[in-house]
Amino acid sequence: MTTSTSLVYLIALPLAGAALLLLGGRRTDKWGHLLATALSASSFGVGVYQLTQMLGRSTEERPVSQKLFDWINVGAFNVDAGLLLDQLSICFVLLITGVGTLIHIYSISYMSHDQDRRRFFAFLNLFIAAMLLLVLGDSYLSLYVGWEGVGLASYLLIGFWNQKPAYATASKKAFVMNRVGDMGLSFAIMIAFATMGTVSFAGVAEQAENTSEAALTGMGIMLLIAAAGKSAQFPLQAWLGDAMAGPTPVSALIHAATMVTAGVYLITRSNFVFDAAPTAQLLVVIVGAITLMFGALIGTAKDDIKKALAASTMSQIGYMILAAGLGPVGYAFAIMHLLTHGFFKAGMFLGAGSVMHGMDDEVNMRKYGALRKFMPITFATFGLGYLAILGVPPFAGFYSKDMIIETAFNAGGVKGIILGSVTLLGAAITAFYMTRVMILTFTGTKRWDENAHPHESPWLMWLPMAILAIGSVSSGFLLSRGDALVNWLHPLFDHHEEHEQHLLEPIVVSGLALTMVAIGIAIAFVKYSRQDVASVAPEDVSVFTKIARQDLMQDRFNETVFMRPGQVLTTTLVATDEVVIDGTVRTVGKIAMGSGSALRGLQNGFVRSYAALILLGAVALVAAIWVVVQ
Amino acid sequence: MLQLALEVGQTAKPEAVMFWILGPLAVIAALAMLLVKKAVHSAILMAFVMIILAVFYIAQDAAFLGIVQIVVYTGAVMMLFLFILMLVGVDSSDSLTETIRGLRSLAITAAIGFGGLMISLLGHATLGRSAVGLTAANADGNVQGIAALLFSTYVWPFEVVSALLITAALGAMVLAHHQRSTTRPTQRQLSINRFRGDSLGTAAGLSGPGVYARHNAVDVPALLPDGTPAADSVNATLSARGDMLDYKKFDLSEINTKVEEEK
Amino acid sequence: MDASNYLYISALLFTIGAVGVVVRRNAIVVFMCIELMLNAANLSFVTFSRINGDLNGQVMAFFTMVVAACEVVVGLAIIVTIYRSRRSASVDDASLLKR
Amino acid sequence: MKWLTLLMLLPLAGAAIISMLPKSMEKAAKQAALGTSLVVMAATIAMVVRFQRDNVDFQFVEKYSWIPSFGINYALGVDAIALVLILLSTILVPVVVLAGWNEAHGGRWSVKTFYILILVLETMMIGVFAATDVFLFYVIFEAMLIPVYFLIGGYGTGERAAAAVKFLIYSLVGGLLMLASVIALYVMSGAQGGHTFDINKLSELQMSSTTQNLLFLGFFIAFAIKAPVWPFHTWLPDAAKSATPGTSVLLLGVLDKVGTYGMIRFCLTLFPEASETFTPIILVLAVISIIYGAFLAIGAKDIKRLIAYTSISHFGFITMGIFAMTSQAQSGAILYMFNHGFSTAALFLVAGWMISRRGSSTISDFGGLQRVTPIMAWTFFLAGLSSLALPGLSSFVSEFLVLVGTFTRYPVHAIIATFGIVLAALYILIPVQIALHGPTTPGNEELKDLNLREKLAIAPVIAIIVVLGFYPAPLLKVINPAASHVITQMGFTDPAPTNGGK
């Protein structure tokens, strides 16, 4: 383990930017966005520097740590504010700062007309800092700080235009559902401390083998809940669609490339827990598989381009979670898909933003059409991302997704067949809805309003798109060449070199996958390219489509199961407090006052009746004496 | 009852005779004090009870107190009462109907209870014990004995009580002193008021009481020119007290002019 | 003669006085009834003095008389004051001090 | 140097000076109050620096005979717990004075009376934490009600008189029960080697378990009312709603801490066995407080009541931490007392400014403030985040310590309590959404943003919240020895890692 003093700058630079811009107020309006972009870029620079340093060291020496100060130190509960940069976190650092910087650049132009652009950049910097803390923290508790930090940044950015009540509600929904996940993380930390006496990654990794499977399973399930909350996995997925209320760069950075993948990071980071807790691992796979299908199905019915992409994100993260749940063989592929997805999905989101930019913030794809001619660069970059997500060779998604499908089949037995089929089916549906997006947006006839003047975006916007497109094309190939990423991450994961039995040969899997993709594309073509698309969503659709349009009833479910009963409980408790508890108190008071006013009747002002009472008192006194004397 | 009769018979000493005559009288007078309507009568009965008590004191070898009782109570205090009655007692007779519901029955029940219990207690406490008597204590004379106690053991309370007396006197003066809230009207003002009043009827001053052949006193109203009585010619206090007489008694037409033959 | 007979008289007079305070409305009569109660108490003092052969009781009675005199002076002054403002010597009319 | 007496005399001196000012010199009265409280704060900090943090005995001890015939002493002394709370009090007073510069206007009495009351209250707040004589504690405990009663009843809003009376009667009922226990302790000490009220000597008394239980209840109910723990809480929302924001800050920030402080100082120290007997019940009450307070906060329509209910929830955490009997939970609870003071202060002060500008404390009367008054809105938001214990802000550290410490001994309670953090998100974000987000509600367009004085008042509070969130070590180092001392005295040790039974 190497120590370093420069890790802190990774976080400190964007954090300083956020603080400066937020505290500086309007004074920094003029140059705030530039400063933020520069700081994000310099953080990327530090990341690259760390990578080069890391490459120059032997495998054992590669992880770098930095202890900043004693954070919480009570009895046996010792948590340092410490940073850890290893092979896993450097991937994230580069993704976060790299894509982050690109999106900063994109936003300069995208947000140029917004009067609060400075605040937007401050929040972006805050997000970068929090996300870096999340992946750099060396204990679950430091991770927790970043974890909630990104939740806060996400809340602030989703609700950036919170003057619209719906957007404000969306941001609140995201934060609260994330908090449910955070609760899981809290539980996981508590279990770790109660059973292992430590909450640092290293400590838990060391103690995991001495700890009972039950405890680890519990911790694993709690980590899974945390991951589900942050990564919009079933059953905590409902917030992601609404989170598209935020400005599009936010969707690209936070809700596609980085924050939502934090769950994958958490599970791969906690590999020592899951490896020892097969039940928890199985649950991870199940959650991944369900979400994969869930997101894909929602994606087929969405007319809002951002929501379609969000559903796709959910589905793709499902792939990653599934891979992560497959154990040591899957971690690297999960991360690889995460990285490639980071490129192509961010690219596509930026493309969507570019389209919206040209179409006066119209998001309904049914009002697009034939934009290819008007936005050639956007079309090209978006198209490259499209090919990548489909998994068409040699684009990035081909390498990463195919590996996941393959690993899924190799999981063995019925499990393997089911998982493999699900992933394959998912690939087909992905092909269908992504093709639908392409057709509706870029080809066919124009369906936009009279006063729309679609135009290509300025270079500040298309440049990041282009760079991301390059990533979408090449990253898969680069990362998988000679198993580069797998080998890079290998020291972290306890990979038992037992020879997997291949259920299907890799080439067969690829073939199957490509076939499925082709089928998906074909259906989409038949459905959307051969016939005219209505510019208003048709109502006479199948029940299935209706349900898919309503996000598979996820909101209705949450409303009936949690929100309504919660509201009823709240009103009941408020009434209880008023009537029962405070009522009891007031009744006591009323009894006192009632007896007082009853006795007050004696105080009638007539001195003679007072005298009579005194006389009565005297009688009572004498009677008492008489009794005593007798 | 039998024992009481026996005692009356056996101890027909002068004191017992005195007691059995005056005691019932005192109780009757006290009860009458409650029952009579006129406060003045109450006062007279009160004085009567006090004098009886003074006699009781003297009979019990408390000569000094007996005299003081007569001088202070029947002399000073009762006179004070009578003065105040003269000042205040315009509504000379009280109504004895009770206005506060249930008070009278309550008072009587309580009184019977109280009296019964007291007498029962006294019976238990003192029956069968003979008095020591004050012969020894009064050896140097009753006044001297009291004086010796008063100026030795009780000198401090005595001084305090004297201070109390002075304070009470001052207090009474302060209370009775009437602070004028308006300036005293001048002759001029009174005169103006008379003429600027509601009617000119009183401008020349109120008429005096009536003068009749058979009665010439302040308690009969004068007659106005139209033959009706002038109510304001009689002092308001007298009319309020109900002491105003009817002029008709003295009207000439009402007078029986026939001279009756003496039988 | 048994001196305790005086005590019975005293108790009776005291009770009568107490009833008078309650049932009579004329403040002056009420006052007289109070005086009657004080006098009844005095009679007890004097009688006890005789029973015990000790002059202390008489001294007490003497003090009572003085205090009673003070009380009469102040009390009558109060009655006069009340009468002056209310034109009434009925204790029931001065009943504002309530509740 | 008699630090504690000095600390108590300084505010009194200030009050005396203010009382000599003519009524018309309102500004001078305010300045004098601010100056005095700043001097007290400086003196406190000077004292804190001299505190030996590894010494678990009382420090800065003073003892004078007060009523020798009853063995009552004027005895002062602080350990880390009291020290932290005194520090909290003396920092909050100048903040409150500065923040509520105009809140004394429109009261039933003059402005200078308000500041005299505040300073007298400060003396009492210091005294109540510093008293080591049970009788002295009791006297100050009760005497504190007087200035607060007048502050609520004289300078509050709405049904202030009713709220003040409710507060007073609630507290007096608790005080009465405590008095009975105090007298019983005194009587028993007489039977066992001399009448005394000295807490150290009283803690060595021998008594039967029934006696101990009864006396414990006397103290505990008094403190539970003060804290307040469910179901003794209904006075707090009314009082907080009716009091001025500054008074509410002192009420929730400091006075309520007397309850939780008393639980540690008196309930645990004097009646260790009874504390153990009642722990299961108290933990259940604490958990109910956490969840119940949170739900009521969610349902609250009035912003001041909302803050009061959040405090009930937070006091549930503190109580749970105190009785969980692990060093983490204990340290967390003590730290929570300190942190809660600041996060509530921030919330209440900003809410107070919002209310005074809008003239209403109903949440739905606000709307879109983030666009109209950005600084005020963001400050409120930050305070809210502190209240929902966002990691990186001070209350997170304490809340998490309480949870993690409780979990090692009472996992079920900790798990239920953890649901409170989701509810916390709701009870903060709902008012934030209604008041700060959305379109600007008609009538709010002209609201003024924070002025320099208000910024100056809130800045240190926010700074403390943020700094202690990232670097709580200085405070924890002071608190830890005292917390583990309490645990050891009670005969507990932290549970060792279980390894899940393997």
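Every chain is named by a letter (A, B, C and D) in the order it is written, and numbering of its residues begins at 1.
Following the convention adopted for this analysis, a residue touches a chain if its C-beta (ideal position, glycine included) is under 8 Å from a C-beta of that chain, and two chains touch if they have at least 3 such contacts.
It should be emphasised that the depicted structure is a prediction, and the values quoted were computed from it without experimental measurement.
Under the document's definition of touching, what chains do chain A and chain B have as common neighbours?
In this structure, the chains that contact chain B and also chain A are C.
A-C versus B-C: which has more C-beta pairs touching?
Here the pair linked by more C-beta pairs in contact is B-C.
Comparing chain centres built from Cα atoms against the global Cα centre, which chain wins on proximity?
D
With centres defined as the mean C-alpha position, give me the chain B-chain D separation in Å.
Roughly 70 Å separates the two chain centres.
Provide the C-alpha centroid distance between chain B and chain C, rounded to the nearest whole angstrom.
Roughly 13 Å separates the two chain centres.
Could you give the separation in Å between the centres of chain A and chain C, each centre being the mean of its C-alpha atoms?
The mean C-alpha positions of chain A and chain C differ by 94 Å.
Could you please state the distance in Å, as a whole number, between where the Cα atoms of chain C are centred and where those of chain D are centred?
61
Going through chain A residue by residue, note those that touch at least 2 other chains and give them in order.
Within chain A, the residues that touch at least two other chains are 604, 606, 608, 612, 615, 618.
Where does chain B touch two or more other chains at once, residue-wise?
100, 103, 106-107, 110-111, 114, 118
For chain C, what residues touch not just one other chain but two or more?
Only 18, 22-23, 25, 92 qualify.
Linking chains that touch, what shape results: line, ring, star, complete or other?
Shape of the chain contacts: other, as it matches none of the listed patterns.
How do the chains pair up in terms of touching? List each pair.
A-B, A-C, A-D, B-C
Hey, which residues of chain A end up touching chain B in the complex?
So the residues of chain A in touch with chain B come to 604, 606, 608-609, 612, 615-616, 618-619, 622-623, 625-626, 629.
Provide the residue numbers of chain B that touch chain A in the complex, in ascending order.
100, 103, 106-107, 110-111, 113-114, 117-118, 120-121, 124-125
Mind listing the chain C positions that touch chain A in their complex?
Those in contact with chain A are residues 18, 21-23, 25, 30, 91-92, 94-99.
Give the list of chain B residues in touch with chain C in this complex.
7, 11, 13, 15-16, 19, 23, 26-27, 30-31, 33-34, 39, 42-43, 46, 49-50, 53, 56-57, 60-62, 64-65, 68-69, 72-73, 76-77, 80-81, 84-85, 87-89, 91, 94-96, 98-100, 103-104, 106-108, 110-111, 114-115, 118-119, 122, 126-127, 129-138, 142, 145-146, 149-150, 153-154, 157-158, 161, 164-165, 167-169, 171-173, 175-176, 178
So in the complex, the part of chain A that touches chain C is made up of which residues?
Listed in rising order, the residues of chain A that touch chain C are 600, 603-608, 611-612, 615, 618.
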